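Order as written gives the chain letters A, B, C, D and E; numbering starts at 1 within each chain.
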């Protein structure tokens, strides 16, 4: 059993390392995801300038914008995790050599790390550009980590589904947004608490529940999705 | 000369017809684009609900949202125009049988028709759901047509560029957003005038100028981008 | 069913439709260690489809596929990970070099770390070339390496010699011969090549 | 330079590097109506690269390519639209049937509307099959049809017989023979096949 | 049984209608007779939820069982019927909202989350239409419907109760676990909910039988084929 786990870890780590190696070689995902987020940030601040919101009600508005920004960036970038394998037909080789569960975990770890990297780029920028003060930092960190994990987990599972459908990123958004919306609203709630200074928001429990159930659903469903 | 033009029209039409046939065959793209727009609409409304904007300042805010929505929808759907050809390697066959200018026009016509279809789905829904009243309808129509054309033309050109870069759709958003940003601001201005009841907004001239220059830039640049 | 043979594959009454097109209809056959099952048929007769079903990449609509190694039977999921497969639609990562590609799969399959290098030398492939820069013959060599990486007992080969030049064909035939010492192979479209040990034939034309 | 021949292609001192790898080094050759130029060489010697340069799909770093039809010289952009090309990396639309694919390209190339049907019958390909559903041999047949659609004077063929079965090879050889009546062809990797009229050789090994 | 069930159902629903208008008293705090819509609004929402859960269970039986296509058809049918129930609940709610709150639609959390549910299952249908191979289509759709088992409870129960300010009445069983409802209203409500559940399964059964017939007409030889 413990040997099984060590084998499984090796495989998941191999997938994770492979993804990052391809990533660093080409720089697609990170460069472009970051740039995408930043450009969107600019679009948003321009429209906000038009609206004059930023000044009036920052504490309720800005958390929403932050998470919508992250959501769009993620739905632009994550599908590649699997769509890419199917399109370049490397999926066959992978299907014949990796156990689905370790593959899923490797991909999930990779997606999560990309989302975290994105958050590290975007959040400080967002907070300074929008003049948003955070009262309880740990709560914000919790929201970013748990919310980011949920985005990665839900996104990875849906990406696996649409990759098999040999379909576009549009279909990804259609399938993923309803799955990710509950998560989004929970994360927004918690971020608001962080701004307001509430040390232990109630939405945290639900967010963890959501993360947990999506992970379990992913582990159960992925093998069936991945293999014919 | 006039024979040249008729040949050129035939070719452009053939491309246009082919795109629509593929589109309708797979069935997903349009349905999905519609569903995508609606999903995004809901995402936005949720944030609006949270913001409580819809009630306070509809006339300034809503046009911005309408165009941001269209922009996201377009950047999710349009890149397929060329990226798809490169990825499925049909670009080689196309490169050896189509003249670049007619190919570009066919693709542009297709993109424009998709954007129009999207606007026909989204705009009425948006206006009714958000309780937005339009004072001068012709101005709104002008904004939708001229703005939609600009989105299509700019998007198609950028799609052609990134398709060559062997890259993901994320890169599309990165390149396209700065190109489309001025257009967006102009279209928003005109839509606001339509809401306010201004019969002949000044931004119209700029918008037409923008459309014209993007088209000319596309026609000039595309052959150089497309062929080695 | 040759239970104590090092390896044995048998399939019975396979059916597979694509939409309304019946491609495989009641196909049966078997192969065991030291044998080649040669699958022949016209273009579009279903050779690749059959090999995909055997590899577990496509589920047949009906029929059973049984796989043993040294008396132990394995499920589809296990068979998928144990066999070696080479076909034209097998691709590798464009951003990794040939050797990095093999290293990655070697880690996934828990093979000795020097195995990729060994195979690259056997087929004479420059390991440092990037995946997207390989010529078609080099790609085919890489497919051979990949299929043999974990020393599988069963090899499924679809058009195994296509694109290979003279030395390439020789290297590949020799690898196949070594494999047959105590493994089995199913081969479709070997081209104009003489195969060692062809002991069974399965014709899909009807 | 055979100016009045129906067609004539000549290339001189072609160089092409990929990064630091020199693939084509000072390659010259020519071919005119009724002739085949057979390009040979080991895997990775640059056959496909040369054909891509000739087709105008890849720009050589150095060297000139000249193309005439009946005494008139054409630019690269025009040559690109006039020649016929078949290679493994040529693909068609997955969402269209084989016939719709050809119809589309026939419209782009302004050929008679019955031409696609005619060619499909010649190579015996079911025109109603969707692009993604074609077997590898069917795909190769479709490539042949596509290359000959507009009755080009110059054919560039890379691995033209791969994946084809017996009748397929025969049909393709016959098409090639008819083409040669007043056209030229450059062929790489014809496999084990005897080609009619091989009159020139170009070996890329060094 | 087959013959009598429709009659029993007919009487059952008739009894609900009678109860709604004659037996149950008007609830406090509602304008005019508008509270009577409750007896259709709630059972319909309940029926939709039951349908979505049933679809998840059938999908699980398909995916993890012996991949009997009939299970997949059952899942599809219950999503189709569930979507209709869901839309009817939304429409009845919207009509009610017009009476009570003065507008059909105001992005109340209840409305938002039920829209997301509709989108989720609409995406299910979009996914099905995007995949051509029947086996793959069933597999992917089943996975998505099982994911619905995780998402639907969030959309129907958890989120509407916790996010933001809502005008929607408290649940029958409120957060303190107390029932605050007139017993007669409760009787009709329970009768209605159970009646609509049976109605759901009756329509569902008809739909499945129709689909089975269509299937066996299209593929006469294949009636017994499994996907494994």
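The definition used in the following text is that a residue touches a chain if its C-beta (ideal position, glycine included) is under 8 Å from a C-beta of that chain, and two chains touch if they have at least 3 such contacts.
The model shown is predicted, which means the values in this text are computed figures rather than measured ones.
Name, by label, each chain that touches both members of the pair chain C and chain D.
Both-contact set = empty.
So if I look at the partners of chain A and the partners of chain B, which chains show up in both lists?
Joint contacts, listed by label: E.
Between B-E and B-D, which chain pair is linked by more C-beta pairs in contact?
When the contacts at B-E and B-D are counted, B-D has more.
How far is the middle of chain A from the middle of chain D, if each middle is the mean of its Cα atoms, in Å?
Distance between chain centres, rounded to whole Å: 47 Å.
Need the CA-centroid distance for the pair chain A / chain E, whole Å please.
30
For chain A and chain C, what's the span in angstrom between their mean Cα positions?
37
Where in chain B do residues touch at least two different other chains?
Answer for chain B, listing residues that touch two or more other chains: 26, 28, 32, 35, 39, 42, 46, 50.
Among the residues of chain E, which ones contact at least 2 other chains?
Correct list: 116, 119, 123, 126, 130, 135.
List the residues on chain E that touch chain A in their complex, please.
63-64, 116-117, 119-120, 123, 126-127, 130-131, 135-136, 139-140, 142-144, 146-147, 149-151, 154-155, 158-159, 162-163
Help me check something: in the complex, which residues belonging to chain A touch chain E?
Residues 157, 161-162, 164-167, 171, 174-175, 177-179, 181-182, 185-186, 189, 202-203, 206, 210, 213-214, 217, 220-221, 224-225, 228.
Under the definition above, what is the set of chain D residues touching chain C in their complex?
18, 21, 42-44, 48, 88, 126, 133-138, 141, 159, 162-168, 189, 191-192
Can you list the chain A residues touching chain B in their complex?
Contact set of chain A toward chain B: 28-29, 32-33, 35-36, 39-40, 42-43, 46-47, 50-51, 53, 57, 60-61, 64-65, 68, 71-72, 76-77, 80, 84, 87, 167-171, 173-174, 177-178, 181, 184-185, 188.
Can you tell me which positions in chain A touch chain C when the two form their complex?
Where chain A meets chain C, its residues are 7, 10-11, 14-15, 18, 21-22, 25-26, 88-90, 92-99, 223, 227-228.
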